[in-house]
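Listed after this line are the structures, all set down as structure tokens.
Two complexes follow with chain A in common, the first pairing it with chain B and the second with chain C.
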Partner chain A sequence: MPDASGPLLDQSMQTVLSVGIDALAYGMVLFVISIGLSVTMGLMRVVNLAHGAFAMIGGYIASYATQTLGFGYGVAILAAVVGTIIIAIPVERFLYRRIYGAPELTQVLMTIGITFCVIGIANYVFGPTLKTIPLPETLRGPVDLGFRSIAAHKLFAIACGVAVAGALWYLIERTSFGVKLRASVDNAAMAASLGVRTRIVYAVSFAVAVGLAAFGGIVGAELLPIEPYYALRYMVTFLVVVSVGGAGSIPGALLACLLLGAIDTTGRYLLPEYGEFFFYLAVIAIVCVFPRGLLGRRS
Partner chain B sequence: MKKSVLAALAVLALSGTAFADTIKVGVVGPFSGPFAIQGKNFKAGIDAWIALNGAKVGDDDIEIVYRDLPAADPAQSKALAQELVVKEGVQYLAGFYFTPDAMAVTPLLEQANVPLVVMNAATSAIVTKSPLVVRTSFTTWQTSAPMAKVAKERGVKKVITVVSDYGPGVDSENAFKTTFTAEGGEVVDSVRMPLSTNDFSPIMQRVKDSGADAVFAFLPSGPTTLGFVKAYNDNGLAKAGVQFLAPGDLTQESDLPALGEAASGLLTTFHYAVSHDSAENKKFVEAAHKAIGNPAELSFPSVGAYDGMHVIYKMIEATGGEQDAQKAVDAVKGLAWESPRGPVSIDPDSRHMTQNIYLREVAKAEDGTFYNKEIATFEKQGDPGLAALK
Partner chain C sequence: MSPVFQVQNLNKAFGGLAVTQDVSITMNPGDRVALIGPNGAGKTTFVNLVTGHLDPDSGKVLLGGNDVTSLGPTPRVRQGLVRSFQVTRLFPDMTPEEHLALAVMQRTGRTGAIFGHYQAKADVMAEVAELLRTLGLDHIATRKVAEIAYGQQRLLEIALALALKPKVLLLDEPAAGVPQSDTPRIEAALAGLPSDLAVLMIEHDMDLVFRFARRVIVLAAGAIIFDGSPQDVTRDARVREAYLGSYANDRSAA
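Up next, the complex of A and B:
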């Protein structure tokens, strides 16, 4: 029993903290899933509507690895990320390579087509039911934070978000690969003439983006469960994160996720009947003031 | 020689058509898209019925014509029904997973001289839209109201309702609220959340802050129920002793493998559980499992379809295969039989099904799978939602 003498203020304080934690967790899950899309859209200039499809493929592989093959959670994550990248390589080679630098409409049509194919195949192979990825014992169940309990997997998702943000920032800003990538993006012809093998740079970045999608699909599976329509169902949310954060900006995406997570969660707590009104209102406001997103690159 | 054989064949063929007709039944449902599993259940129920009862009524052959309607789309629903009636010449329309789709078709029935047998769509008002509608599924009011009695019996005093913000969710909220208040209980808060909600933690916080003893929830079957049930556990509500009450949509059999341990012990009220213990159901489940392929996918729409076929066969018998919608509907008013879900009858006034509603608890079977275990029965429940319409 809570202390009876510390009445209302204490309780409302607890509620604020509680909602804050939820917002942070939701924002981080969004971040892990969306950041790969930010890479493809911002750095590679491909409007990749098949991003959700790759996240879903990752989820299915992880689910299959744990449920049918009996692997552990960690192995399943690895298998899913690698497996999704392997599936993505021929897709990149034969389909995406044709649309680099193509008009946006062409990119949209091609990638949405890929999405529908993936949905159909998933439905045919795995059936229309929900698939779960069983968590290891340590991530299962609630963790007591003192003032409330929170799902352990949410803490895990927060940690994953921080790790992904740090690793990506390091890769792009501090490594020679990052230099080549930024060079290829800014001026592919010039980079190529300086000896950067742009095709390989693109292929590697695409693989990284797809791997991140798969990873996000698995880490976020507790909130966004894996089923064939996953690929379309959450696509709008992913796109919103990228457009609000600014395509290609990792701190931007992080900021956008935390902000949108906070608005969405608070709105849902205070006025659930308004639905996603506040979420989209915030999106409209931000995009009006920052047309390139919060931290978008000026080109 | 050849000619005489041909002539003989022609005579045979002609005589065949002269004595027996093919009666077509048009079934509209979501056979592809996000709700494909529910359409698959329609088909499994229909196939099971035909496997057990044959594809003939008297001398007439029965042919099922399926039309796919992936998501709720009234205009498309009406177009499909028109096409079925005009081009395919169906004598019966059946199926319909979503309420707006069924509603859109009701204005056609009289002129087309075709009865509509609703196999799922669960809003009370559908049967009032045309005298040619018969429903073999359930209504959200019918399955939600008994839960209020359960809550009362179990000593629950304060309840918070949490529903998805759309027709059936609102129905469910009203059904529970009306019944629970009449029983002397108190509904402390009612939350309506958008259908697209993914993260239910803030909702659970609302539940916690409301100080209710129990939460009554309604979400459509499918992906979101998983997140909702998990959030209920993860946010410590289960541990804090806040009871979870809901109609059976939340624990439909095809979602249970995914829900797993998280759903264990949840209480739901519904008209049908695949586990229902009766000879009739055993026969049905066996045939339906064969029809659907993967037994884990069998769920409640299958039994609505199975009983729908029962009603349609009775209608064909009564009319002798002639197209007479009114006569067909009149023939099944008051019809009573033993369905896989238990004893049922068609209420002559509403043309909706009177049936048992069961209180079920999600339990673990010996083989480690989860199922809805029926633990109490509310006998011969009509549709309280119709009374509320007036």
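Up next, the complex of A and C:
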């Protein structure tokens, strides 16, 4: 019965495509937020559990800028990224600088402490409610791709992920700053003896990392809503991306995000009653097979 | 000629143990000095004091007449005091070209456009190419350091030090661990060092010391016991006792 199988096939193709787009958008949002964590953990060797807190700060600032101050979406993104970096500078100077090279447990306790303080302060200042960041008109509707239409904000998230991946690769592999960063990472003492001011290199890297967290927090707000316990709720998810991808590896993080995004989205679609079971099952399997992550740097 | 490098009455003790005792050295541009001494003589401590990795208890370090005793390692590098390393301490994931580009950019302060492509600076890259050619590393310029031979890594260390255009170069056993087949390359690189550069080489291999140095300083128990020509060092009774005796014993045992 060719007439019946045609629409059926068509419908399942539509479903696959729909899940695929959702997975890609979710994966890219994870990537934009987590890649900064991959940089701090892989390159600067700091287990920064407070990374999500900076994404949350970005989200709160953007929400405040749009809802209360009436700024446009683009301005709000810029204000949030800059604002988060400004907040992060003294935090790096006075708190993180103490834990570079410290035992991992010390780093974990310090950054968990920072996370809870950020949650407390954010909720005290802005109130313990879900924060929304209204999308501009252009990102609100669907985009017609000819064969089907897709939510514009998902395409935007995907485009942001691609842009961030490309820009970061160029920054680390090709620029003067990237050469300094890689030198500082490989051998800080040697880099310093060449005259590289490693503290500044670390501070700039940290600023880039939290700036990306803030940017990802806003761009991904439709998929990972900005709420009072955001920093805690997604802490493990961001860590998973880094450990699965391999700390410090941009292609690794990208691969991990696409893979985990696909598993999570498919799982939720096909077997919603299992929650995140398949996501974490996949994490366990990957960590067993690739203890350094899919594309981890040599230690 | 005014001295480019002076160490004046340097002292350092760890606990009650004096590891550097009243050490004074003066070097002029173009000097080729070897610093030798038995194990535990305090050579490493001396180098760390000179480079600013350790603070002396008393005494001074002067570079081109400027007192740099209170400066840290990085400003001393900027003023022209550069050290190569005993143990290979290169960046394993970076290429020789990147190493040298970094060093040249640091030296020239050409780090303004830090987010620009590092290869875009033509003058920097020309100097890098010249250094790679001089030390015979051009064919492996874009390989990761972890993948190149040990002898090539040691050559890269020398190139790296030269990229900083030092006035005073401290070489810490430049040929140690290099296979016999590669030592001629290292020695050729040493022979080709700029003639106005003052070189202080810390070395165990006496054959290399005698070929390279025009002046030998012997350190024993933290103090200088000899400062003179290579011809005289073997005739000095204190040196024979402190150093060459154990060296000769090592030789006969080997």
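Definition applied: the second predicted complex is superposed on the first by the 288 of 299 C-alpha atoms of A that agree within 3 Å, B and C clash if a C-alpha of one lies under 4 Å from a C-alpha of the other, contacts with A are read in each partner's own complex, and residues count from 1 in each chain.
Rule of thumb we're sticking to: a contact is a pair of C-beta atoms (placed from the backbone, for glycine too) under 8 Å apart; a residue touches a chain by one contact, two chains touch by 3 or more.
None of the values given here were measured: they were computed from a predicted structure.
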Give one word, clash or fit, describing how chain B and chain C relate on chain A after superposing. fit
Where does A:175 make contact in the superposed view: on chain B (first), on chain C (second), on both, or on neither? second
Regarding the shared-chain residue A:139, is it in contact with chain B (first), chain C (second), both, or neither? neither
Go through the superposed model and pick first if A:203 touches only chain B, second if only chain C, both, or neither. neither
Is A:287 contacted by the first partner chain B, the second partner chain C, both or neither? neither
Mind working out whether A:15 is in touch with chain B, chain C, both or neither, as first, second, both or neither? first
So, does A:193 touch the first partner chain B, the second partner chain C, both, or neither? second
Which of the two, chain B or chain C, is in touch with more residues of chain A? B
According to the stated criteria, A:183 is in contact with first (chain B), second (chain C), both, or neither; which is it? second
Between chain B and chain C, what is the tightest CA to CA spacing in Å in the combined model? 36
Where on chain C does chain A make contact in their complex? 51, 73-74, 77-78, 83, 85, 89-94, 98-99, 101-103, 105-107, 111, 113-119, 160, 164
Complex contact set, residues of chain B against chain A: 33-34, 36-37, 40, 165, 191-194, 196-199, 201-203, 205-206, 209, 222-223, 226-227, 230-231, 233-236, 239, 254-255, 257-258, 260, 294, 296-297
Footprint of chain B on chain A - complex, ascending: 11, 15, 18-19, 22, 25-26, 29, 123, 127-132, 134, 141-142, 144, 148-151, 153-154, 222-225, 227-229, 233-234, 237, 264-266, 268-269, 272-273, 275-276
Going by the contact rule set out above, which residues of chain A touch chain C in the complex? 171, 174-180, 182-183, 186-187, 189-197, 297-298
